[in-house]
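Residue numbering begins at 1 within each chain, and the chains themselves are lettered A, B, C and D in the order written.
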Amino acid sequence: MDIYQRLREEAYEANMQLPKLGLVKFTFGNASAADPAQRVFAIKPSGVPYEELSPEKMVVVNFAGEVVNGRLRPSSDTLTHAVLYSHWPDIGGIVHTHSTYATAWAQALRDIPIYGTTHADHLPIDVPCAPPMPDEMIEGNYEYQTGIQIIQYFQTHGLDYRQIPMILVGSHAPFTWGKTAAKAVYHSAILEEIAFMAYLTEQIHGITGHSSVPARLKQALIRKHYERKHGSQAYYGQASND
Amino acid sequence: MDIYQRLREEAYEANMQLPKLGLVKFTFGNASAADPAQRVFAIKPSGVPYEELSPEKMVVVNFAGEVVNGRLRPSSDTLTHAVLYSHWPDIGGIVHTHSTYATAWAQALRDIPIYGTTHADHLPIDVPCAPPMPDEMIEGNYEYQTGIQIIQYFQTHGLDYRQIPMILVGSHAPFTWGKTAAKAVYHSAILEEIAFMAYLTEQIHGITGHSSVPARLKQALIRKHYERKHGSQAYYGQASND
Amino acid sequence: MDIYQRLREEAYEANMQLPKLGLVKFTFGNASAADPAQRVFAIKPSGVPYEELSPEKMVVVNFAGEVVNGRLRPSSDTLTHAVLYSHWPDIGGIVHTHSTYATAWAQALRDIPIYGTTHADHLPIDVPCAPPMPDEMIEGNYEYQTGIQIIQYFQTHGLDYRQIPMILVGSHAPFTWGKTAAKAVYHSAILEEIAFMAYLTEQIHGITGHSSVPARLKQALIRKHYERKHGSQAYYGQASND
Amino acid sequence: MDIYQRLREEAYEANMQLPKLGLVKFTFGNASAADPAQRVFAIKPSGVPYEELSPEKMVVVNFAGEVVNGRLRPSSDTLTHAVLYSHWPDIGGIVHTHSTYATAWAQALRDIPIYGTTHADHLPIDVPCAPPMPDEMIEGNYEYQTGIQIIQYFQTHGLDYRQIPMILVGSHAPFTWGKTAAKAVYHSAILEEIAFMAYLTEQIHGITGHSSVPARLKQALIRKHYERKHGSQAYYGQASND
């Protein structure tokens, strides 16, 4: 019996959601599911089309990025996942996509401003966009450094990865995470929708001839919407919900 | 026998139309169906994915917002529905979505100008956008106050809710209503299309270097298109149609 | 036996293509198929959802706009179709939609400039946009006047309806036509794609800071692409093709 | 037995992917598959809808553009394919589409700037846009000259067709190619996504009031992303992958 069976299945299900939700094309993107107790995660094999995936093809890797189980080469972004898992104990899933609208914001090197309650329902600040890395980090162990950059960005900006489950890597694309791989997928889909809405909001505001971008959502609405879903007094969803 | 069975089914059918029409994602949004005689309505349970809904899971609530029947917690927006039903006797259904284009206009804090006959076929003025509420209303009974704000906006602006079946709540998203839940869903879909077209109209006009937004639809066309569908001499549709 | 059976079926098939091609929502739009010899056409009934249509529900109308056969009320735009058929002997089908991009150009009151060979493959000039009608025409026999306006626009601008199978009615939406109802549907779909591409072309050009709209397609390319499909020496398609 | 059977099937499969991937509508576009050893290729017949295609309907043509086998007239763009195959020995497939976003860039007469790693994953420079041809080339053997123009553009700009598998023909639309017809289809889909993302990137950057277009991707990221997929030390995909 494969002791990683459950993990492979969780990773497989998360990966298969990505094309279904319109978040990836061809072999773009990857999802992983981790078991923090065993310090391993299952991840998509590199360059394999989604329609050819199966739980058995998921590659099991430890938090140092070494393959533990699996015949295929893991995603080229595996070290980025490994770095995030090894630094952030409370996450059980990571997703990387090149979803169109979120990637366009990353390419424009802009944080996504918090313009409405759809955004505040999920995180209480702008979606952060880390700048492209210095050349020596890119030319070195690139995927490892991408993970390090994300960790350091959260540290230097005083962000809590449990509250802000997503980042845009400038010039590249988004990474998202969550308590489970399914939650990480959900955050990728939400990010794409937030990115689309913020783009439209600016275009609709900008056409009136105002030279500046729109005002951000007022603090009382951010607090109300974020807290009613995530605060200690949250009342959204059923009592048994996360 | 469940005396609310018909109401549950009507609310269920309306809710299931929302993802099918592309108006909601995941657990966003909610539809309700009311019985004004009994002063109750059936509404989506909070945070339950659409694919897991059934008529039995709809929650029956009275016009004071108290659960009358049902095991699940009702939508977090239930009090907004209750306030609208208790003030407006001629509506039998309410829908709330975060549909992309309508929400972008709400986030830009702009009324949607009436630019064409597609708009005038459904309502004869700009789609109103209420400003975000004062902080004390947000921090108080937020969902109740959202309903009150909508009622007051219609009163102070002299609008008739039977003629204008929709509003954008600024920084948040749209609410729509109608004689039935199905009509409220229809109004949500129409609003999204109107919002998309108005956005494109402004972009296509604006590229020519005109600094102002386009001119609104002329009054004769508004009157003609609104009246041929909704006036006393309406001749659109079959004689038996509403 | 119903002598209009073939005409009803042709109109039915054309109408059913409209939602399938993404050109209409709900009860928007209508297609008709004409028999110029008998001076009658079959058209969609007014306000009936597409999924409830059948060949039997098509309404047969003569070129004066009078119902000849059928139990339902014909489309509210029937008189516009009748006027076009009675003035233009070489058309066998007409389509009216509120397709999103074409309608946005109509709402912006702009001709669609000819920017590329996709456009020139189908017509050799800008897609014309007629201005909104004077109030007295709107307040009179509106749908009849809409037809008259289209006829007069072609006359005063020296346009040939056999070469230019489409028009935008300003503030309203497009009408298209062709030798058959299927061709008229095809022209509606082409128009929507041309409208989408021209919108994007202007946005992509405009971002570079040029204050003017892009240059139109050069005359040699217009001639080459239009002629290779429609000229006397056309070599596109199979020999048996239209 | 038909010695061209495999080639017909390859061309058929590639053509059928085009509408499935949303890259063509109606009879737009065409794909071909070549056998460089025999100096022949199979290509879509002209003006036949995709749903009526079959391997048997593909037309086999030699590199001089003459039909070798097949009852139907080949695509009107056949000579463009023939010219590319006869000059570039290392390609086995060519695709031409009028895909919406790529065509809009061609109509705006702009190269697509390299703004992110999605682009650099596939080619290390801007997507080139050749200017419209001089009138005498258009009025002469147009499709042959289109091929000549592409060849000359690559020569005069020092581009390698094995590294840059795509071009926009100004005012017209894209051509893409690859070692196989399937790869050429893949490059058409990638180009459409790159074109969409670059459009959004400029809009999102431009709204902030910066008058210039965004900065291109830094060289270290271009090198890293292009090399990890295509360089001699490539580590993306499985060992057996191309």
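Operating definition for what follows: a residue touches a chain if its C-beta (ideal position, glycine included) is under 8 Å from a C-beta of that chain, and two chains touch if they have at least 3 such contacts.
The model shown is predicted, which means the values in this text are computed figures rather than measured ones.
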Touching both subunit C and subunit D: give me those chains, sorted by label. none
Are the interface residues of subunit B and subunit C largely the same numbers on each copy, more than half shared, or largely different? different
For copies subunit A and subunit D, the superposing rotation on Cα atoms, rounded to the nearest 5 degrees, equals 90
State, to the nearest whole Å, the distance from the C-alpha centre of subunit B to the C-alpha centre of subunit C. 32
Can you check how far apart subunit A and subunit C are, centre to centre, with Cα atoms defining each centre and the answer in Å? 46
On subunit C, where are the residues touching two or more other chains? 203
Building nodes from the protein chains and edges from chain pairs that touch, which of line, ring, star, complete or other describes the result? ring
Which chains touch which? A-B, A-D, B-C, C-D
Residue set of subunit A touching subunit D in the complex reads 25-28, 45-48, 72-73, 76, 98, 100-101, 103-110, 132, 135, 138-139, 142, 171-173, 199, 202-203, 206, 211-213
Using the touch rule from the top, collect the residues of subunit A that touch subunit B in their complex. 115-118, 186, 189-190, 193, 196-198, 200-201, 203-205, 207-209, 214, 217-218, 220-221, 223-224, 228, 235-239, 241
